[in-house]
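A short write-up of the structure that comes next.
Read from first to last, the chains carry the letters A, B, C and D; within each, the first residue is number 1.
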Amino acid sequence: MLEELKKLVCEANRDLPKYGLVTFTWGNVSALDRECGYFVIKPSGVEYDKLTPEDMVVVDLNNKKVEGRYNPSSDTATHAELYKAFPEIGGIVHTHSTYATSWAQAGRSIPCYGTTHADYIYGEVPCVRCLFAEEIAEAYEENTGHLIVNEFKRLCKDPVSVPAVLCQNHGPFTWGKDAKDAVHNAVVLEEVARMAYLAECINHHIQPAPQELQDKHYYRKHGANAYYGQGEQ
Amino acid sequence: MLEELKKLVCEANRDLPKYGLVTFTWGNVSALDRECGYFVIKPSGVEYDKLTPEDMVVVDLNNKKVEGRYNPSSDTATHAELYKAFPEIGGIVHTHSTYATSWAQAGRSIPCYGTTHADYIYGEVPCVRCLFAEEIAEAYEENTGHLIVNEFKRLCKDPVSVPAVLCQNHGPFTWGKDAKDAVHNAVVLEEVARMAYLAECINHHIQPAPQELQDKHYYRKHGANAYYGQGEQ
Amino acid sequence: MLEELKKLVCEANRDLPKYGLVTFTWGNVSALDRECGYFVIKPSGVEYDKLTPEDMVVVDLNNKKVEGRYNPSSDTATHAELYKAFPEIGGIVHTHSTYATSWAQAGRSIPCYGTTHADYIYGEVPCVRCLFAEEIAEAYEENTGHLIVNEFKRLCKDPVSVPAVLCQNHGPFTWGKDAKDAVHNAVVLEEVARMAYLAECINHHIQPAPQELQDKHYYRKHGANAYYGQGEQ
Amino acid sequence: MLEELKKLVCEANRDLPKYGLVTFTWGNVSALDRECGYFVIKPSGVEYDKLTPEDMVVVDLNNKKVEGRYNPSSDTATHAELYKAFPEIGGIVHTHSTYATSWAQAGRSIPCYGTTHADYIYGEVPCVRCLFAEEIAEAYEENTGHLIVNEFKRLCKDPVSVPAVLCQNHGPFTWGKDAKDAVHNAVVLEEVARMAYLAECINHHIQPAPQELQDKHYYRKHGANAYYGQGEQ
C-alpha cells in the first residue's frame, strides 16, 4: 500500500545525509496521505544508505502501525500530532542538524536577521520550552507535538508561513506540503541558524531586519503577488 | 543570439555551487555585451545542475526581456543599474554565501585586516543601508542598484578596485570584467569575510592592516607596476 | 592469530579519516579479546590508507608485544589500563578530533546541553587534569590510564553509560563494546563537543538540559525499557 | 636540470588544495638543492591543477632565475632568505590558509594549548610584526625574510623545532627538511591554529599547556629518545 508515497519518503530520508543534516540515524522524514489518513515514516534506528521503500512503516494518526516489518521512528507520535493540528502540511522532518540544534540547546528562538530567512520563514523561528517532568513521563513524544501546536496557537503563528520550530534542549522539526518540501525547509533552517549565529558574533548589538524588508522578501516568493521563480514554484 | 555569452554565463552560474557559494537556487550571475547593450542572466528559481545555455535569459538595460523562455532572475533590475553606472564592468554575481551574508546581516562593512583582502579589494568592503519602506514599495530591486551606485559615489569608491558590496540584512553583490571574474571576486569576498570574522574573534582589539601594506599588495597585483603572475593575468 | 579481530580493528582505524576524526596519523583504535587477554592495536605512525590487517599489532595487557612487525601505537599503555579497569569494554579509540580536543585544551568537561548528548552519554563528559611532572616522567601513557580510571571511580561514573573522557591539554578517549562501537562514540563525542561550543556562543547563560529530559533520552535508547531502534541495537 | 626535485615540488604544490590550504593560486612551495645552491619554486599565479613539473622555476639564492619559462612566485625572495639563514631546511611553504591567516591578521602568536601542537612545534608559533613603510618600499619580499630570520634569532627559536611563523596581517610560512615535510607542517599549523581559536572561545581564561607536557610530547616524537612511529620517521 501507498507504494508511491513510500518511494518519496525513502528518497527524502536519504536526502538528509546528502544535505549534511544528519549523523548516523539522527533524523526522520514522514509524509501523510490525507485521503486514507495514514502516514509513511522511517523505521527507527536504520541507516540511511540501507533504506529501501519497502522498509518504510505505515502508521495511522493514532500511532498504530498499519504495515511494515520494522518499528517506526521513536518520534512517530510527534509527527501524528502535527499532522492532526496543521491541516495544510503533508510532510515532516526531524533532525539534529548542527546549527539548528545548537540554537535549541541554547533555548533561543532564531530572530529574522535577513532576507535568506525572510524568503522562506515569516518572522522568528520559535523555540518551545522543555516538557515538564510529568509531560515527559506521561507521553513524551505525543506531548512534544501538543506543545508545538499549542505554542503556535498562543503565538498566532501560521504553520504554512512558519514551517519550522525548535524544541529546547532537543532539536528542530520542519514541515511542508510534502516530504521533499519539508526537507527543503530543514536545509533552509540549518543555513539560517548558521548565519544568525555568525551575524551575532560579528555584531553584538544586532537587530532583526526591518519588518518591511521581511515582508517584501516573503511576499516576493509566496502568495498571490509572488514574482520569484517560474510561476508554479 | 549571444550564444557565446550564454555559454559563459551558464558556466559561471554552475560554478557557484562548485565553489560552495550557494544553497538551492540562492544566487545568480549575469554578463553584459556592451556593444548591443543586452545582458544575459540566470532564469529565476531554476536549479544550477539543470541549467543549460539555452535556459539563459537575454535582457536589455531597461529590464525588458529580449529573448528566453523563462523569467529572468528577480534581481535583474539591480544588475541593470550596476551595469549602467559602472562602465568598466562586464559581469555581476549575487549570492547568499554564508560569511559575506552574515556580515551583511550584522550591518557591518568588512575592514581590511590583511593581504588576502588587499590583494583583490582596495580598502573595506562597504555595507550599504537597508532600503526605506518607500524605496522598497516603489521599486525594490532597481532601488537596491541605485543605492549601491550612490553609496560608491558618496564614499568615492572606484568599482574596479572595490569589486564587492554588502546590502544590509540581505547579502553580497560582486562584479568584474566578465562573468568569470565576478565569480572569482565572489569567492574572494567569502573567504575574506570568513577570515575577518575569525580574526576579530581571536583579537577583540584588532586594527585594519597598515595602509602601506594594503597598497603594496594591491599594487603588486594590479596596475602598471604589477609583478604578480605572468604579465597578463 | 586473532585474524578476525585484526580485520575489524584495521577497518575501525580506517573509519577514523572517513568520519573526519583524524589528520595524518593522529588517532588509534584497539580491540580486546577477553578470552586470550590480548588486544589488537594500530601500529605507531603508519598512515590509515596503507593499513592492512597484517599490519596490526597484538599486545598483552602488560603492554608486551605478542605479534606484529611494527611497533604498537605509542598510546598502547593507556589502552591496556582502561581494558584492565573497565571489564565491560572491548574497544578503545584515541583521536585529536577538532572539537573534542579543543574542549580538552580548554580544560573543561562538556556539559549535557541536549538530547543529542543524552542519547549516548549519561551526564557530562569529564575532563581529567594534566598529569603532574613526576607522573609524566615515570610512565606517561600508563599513568594517563590510571588517572582516567581513578577519576571515573572518584566521580562515580559508569564507563558503560559514560563512554568518553577528555584528557586536559591532550584530547579524547572513547570506548565501547567493540572497536566499531568505540568509533561510533568518537563520532558522537565530536558532534556533541561541536554543538556544546556553538550553544555556549549563542547563549552565554546557558544551563544543562533538565535531568528528567536527559534521563528520558538516555533510557529511551539504553537498558531494559529502551524502545528506540529495532530491539537488538 | 633538477628534474627529480621539480617533480617533488610540483606534487607538493598540488597537495596544497588537496589539504584544503589554498583558494585559487594563494600559496607556493619550494625546495632547495643545497649542493648546487638552486631552488625550485612554483610559477606565479598559475593554477594548481594545471601545474606540471616542467612549469616549475629554478632560481638561485640571489633570486636570479636559472631556468623556466614562467616568472617565479612573487614570494621567491622570502624563500631565498630563509634558505640562506636556516641551513637545516630543504623546503618552504607559504599559504593563506584560513585559521593560520586569521591569527596573523589578529597579530597574535599561537600559544601551545595542547599536545597536538607540542607533537610538532616546540613552544608558541611566533607572529612577527608588519614591515615598516621603508622596508616595504625598499624590498618587501626580501625584508620579510630578513625579519623572520632576525626574530627567530632574537627569540632564540630553533627553526628545526619551530618550523612555522606568522607574518602579521599577511599569513603563515612553514618549512621542513624537504617540500613534503614543509607541506606536512603547513597542515599541522592550520589545524593547531583552528583548535587554539576554538579552545580560547570555550575557555576565556585558558592557559598554555604545562611545560613538562609540551616537552614530553615533543621529545616523544623528536630527537634521540623518540619512541613514536617506526624508528626512522
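Please note the rule applied: contacts are C-beta pairs under 8 Å (C-beta built on N, C-alpha and C of every residue); 3 or more make two chains touch, one makes a residue touch a chain.
Source: prediction; values computed, not measured.
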Field: Partner chains shared by chain B and chain D (touch criterion as defined above)
entry: none
Message: By mean C-alpha position, what chain is farthest away from chain D?
response: A
Message: Interface check for copies chain A and chain B. Shared numbers divided by all numbers used: above half gives same, below half gives different; which is it?
response: different
- request: Compute the distance, rounded to whole Å, between the mean C-alpha positions of chain A and chain D.
  value: 46
- line: When centres are defined as mean Cα positions, the distance from chain C to chain D in whole Å is 33
Query: Could you say which residues in chain B touch two or more other chains, in rising order?
result: 200-201
Task: Pick one for the touching-chains graph, please: line, ring, star, complete, other.
output: ring
Statement: Full set of chain pairs in contact is A-B, A-C, B-D, C-D
Task: Note which residues of chain D are touching chain C in the complex, please.
output: 113-116, 184, 187-188, 191, 194-196, 198-203, 206, 209-210, 212-213, 216, 220, 227-231, 233
- prompt: Where on chain A is chain C touching in the complex?
  reply: 23-24, 26, 43-46, 70-71, 74, 96, 98-99, 101-108, 130-131, 133, 136-137, 140, 169-171, 197, 200-201
